């Protein structure tokens, strides 16, 4: 019976990622209908008041947004907590959840970075105390393709950034095989749809500002840069990352440029990628010379990867696409849950 | 009186670039209302049958599209011929125009490339004869910011490619000052609106294919690559160029990544660009850290350039934007005409 | 076991509606993996060559497109045939399928219209012979909300037009309750995304033509007009229907204006709609004053309906939204199949 | 010399309409470079800080935004004041401007409505005093096509609403010729781009909310409804107006449905429209059966009108398009200025 499933709660379901998470969890065969909580107090409200598209879709499930309280988590015997909250909030709540024996998958950037310098853009205070440091130590970077074993037993999952996911998956097979000439530098030109900027209305997300436009931003200093360094084992300066804002609602395409440390062939590189992701059901490696496109992966949990080698057999372009709200956020969180509970990685994601 | 202006003809005004060219020439204070010709024979048709937006906008000007004939050019005493035709057609007609003493501005790629190997993607036949070779020799690459003097006296102008214009203008100041570490390689990640793909309906330009999507194409082998090599004086392999198709009607943004050959500062680079383009009215250099955006330059004749230097003082990102139908085609053609006739470079373009 | 399911075939899976149909059928719990056929002969090709987004999504199902032949249908013991083909083709193949005892759900407009004059826009020849006439007689208009009982036993289903579905569902409760003042005329202003125009590239579906634009077309003479007359029991002149082309990939919003024959209240009308659709799981009636929006129903099988009454208690605006490729085509076809086989109407559609 | 031109000031140039107004006035041959004022106090700022697209486009004109003060208007001898401010602000400032002998063109809705009941949606206080009433009395509705003579001598122009302009121009020729059967009711289904909602970021103008979507709003109670009643001489209930939000930055298309009071022909109606607008250079009547499209008129000062008559010779559909920021706001304001000064109506608008 469905209600016998794992008891989860979601805080922050009114944002874009939280909403996608809610939709997935409501259909997940091994999870009980989640408890939805809002950060603010006040009265419980209906989730379809925020998302009218949910109207009449939930067959009697409780789709209320309840005001958050620890008591409510206890009362509902919540085992697993999803946080789709601002990172400051996550920094505060995750330690308490761990105290209470609740496992956490945090979609914010609060716990992704282990090198203090890389956390600087987040502006956390200097002395956060020993418990925060402890959590930071045990938090596992939730990219299943790289950290399955650690995720399986983790108490706290730091769900990766959307840009970071697309770039790390594009580069890991090559870097781990020592095939990249790091001295030449790696260039990551990434483009994201607007939902990546969040639901809060700002001048930057106004339709008239975004439509018919493209803009670069955050060159050299985007927050996800630290994830690239730590997860790819690179030194500052070896990788250049510039994000761009696309006039589309969702989807990321990252174009990654590098020079191989030795001549290779498209066939060899294809084999390398296929083997690296052989047991990764949500990474699709396209055979060269096909490049993935954003539309192939939008509304799916896939990260799609394709590549092309120059005639000099050294310059390589890797194109990596994903849905920033799914593999870049919500479906990745569920994938992490699946790994934590020993379920098939794609459970509930197809 | 306006009709005393220079007598021009436009072949191919039914395409996107030709249409923009028509609009500019009709308002240009030093040009008589142009003669519009269509490649196909048959009857003359009204230009506003093809472009209903022109309806009632032309105050009695003859906006007919006449079937092309050399006699008509003679009869109308055409001095300057604009070709917005496929490159194969330009390859055929330009020699005859030169024979007849008509100066030509060719918007196609037919004459842009002086190194035979670079022309390969165009598929011209092997033995085109001595006259074609002669034309190829005298054809001037019509980028006024680099070749003003040659353009002024040219008989044949090869109007540059849209991508090439944006990238060459982003790189020329740095390369000419020998500030680029070529061994590290230059990466040009370019993104263009759909009008760059032409007006012919194809599966790739279908709305449903393009909307909500982004795709990379032509990696390492796009036709404009040869223009980059020749105009920037680079060797194959020193520059990597990957274009992308944006879900917008018009506009190009090129993000160019390079490593400086020596440490520099944003102030120094800004000064270098400002000086390089001091007498170039349609290049706008944005002070760092501002990046241009596509929407700033769409429907204008500007190429906008901005840049940012990494904290290592060596890695530089240059962002360059233009309207592919204007500075990337039609307004650049008119700018070339202005230089050819000794008029102010922005005449008729504001 | 899944393969024990109903044996279906789809002809025309390379179009937009056919593709959605393929996606739904492949996940439908009561249907065996369908046989996909292409109208053209030649070799079988992989479906994901046409739709790269299907790459690696089908767990070993045969996703080949086979050349059509009647023998193949026999060999695979096909019971139910979906036709996502041009109407001329359907007009030819459906009689033969019926001869062979295969039930048919035809997504084209071939069999929707029973009054010969209404079929005029389709240009069928005059003497199609007795068998075609016979099929025309037995073909059931496949709108389950109106014709459940007939659909259950039908041999041939004429799947409704997308515009027609949205308008008929908006008006049926009111017209059947005799609440509409027909003498005042009903106005249906409908707006559709571009996928409704099909996958064939044309000047009208070119991205540059559609983006940033809106256009009206087919005023008074759109093919779906006949469906409105026949299904709503109206006389020519009692309803005015003007479709518009929206710059979005998919979705229809119809705004329907009418005058009630007597004063009413929003509460009464809401009750009327709720009762009319009480047993219709894919029609969602929004409580006034909420209007549905296209984004609520895109990628779902819902038709969403909302309305507002003027202060004169007589003028009523009904807004009706659906996904033209789903409730306007593919999911409606599957809904019809569900009714034909006595399964829950939403089976495989959630 | 240009600076000898009329001395104008613009308050509110940082909004969309104000920006377009600034662009037009800066190029207007009979107007001195305007004084730009901001409602807020503080320091003067550069206009291109708000609109980077203006960077380097102004050849030394003072493009500063100065804090508003009456003294500054006096000091600069301003004769004509454009207000692109919220209606509450206009309600306060226009009387003082009139006191000071400055003519005003107000782009807000403050003074458009002469019937108090129609002003209700604006929420003005009850007792605004005799001077406000006086201004209300002398304010002229600034639709040159209907009120040229009054505009010429007006002290205060109430620039019309964007929706209202498109609908009034579509209906006036027919209503003034008594050709409309008012008892059947007129339906105006209007669709607008997002810039019509203003520059303030809100959940409704967030890119993710608008893209791929269409929504109806303000049915029966939109503020522009009062303009329709007053300008068209209709009674409440004779016209139904429902606006919709289009996923495009700018442009309005209104589809107007009516029944003629007697049978007519497309030729007769075309003649009626052509004659009605014979001296109106910015209204383009398209010959039937051509409908205008938004893209034909965007970035122009035109209102485009087309129509189609049903085979019953009575039901008529009129389609009317304009750019909501130009003919719906800024270019209409300049057109009014041209009429006020006796200049050609299109001066500075081509």
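Miscellaneous remarks
Going in written order, the chains are labelled A, B, C and D, and every chain counts its residues from 1.
The rule we apply is simple: a contact is a pair of C-beta atoms (placed from the backbone, for glycine too) under 8 Å apart; a residue touches a chain by one contact, two chains touch by 3 or more.
Being a predicted model, the structure only gives us computed values, none of them experimental.
The greater number of contacting C-beta pairs, out of the two interfaces C-D and B-C, is seen for C-D. The most distant chain from chain B, with centres taken as the mean of CA atoms, is C.
Rounded to whole angstrom, the centroid-to-centroid distance between chain C and chain D, based on C-alpha atoms, equals 41 Å. A straight line joining the Cα centres of chain B and chain C is 46 Å long. Shown for chain C are the residues in touch with two or more other chains, namely 209, 211-212, 247-249, 293, 295. Across the interface of their complex, chain D is touched by residues 52-53, 55-57, 211-212, 284, 286, 290, 292-293, 295-297, 299-300, 304, 350 of chain B. On chain C, the positions that touch chain D within their shared complex are 184-185, 187, 189, 191, 209, 211-217, 219-220, 236-237, 240, 242, 244, 246-249, 251, 253, 255, 257, 259, 291, 293-295, 298, 308, 310-312, 314-315, 317, 319.
Per the touch definition, chain B reaches chain C in the complex via residues 16, 194-195, 199, 201-203, 205-212, 247-250.
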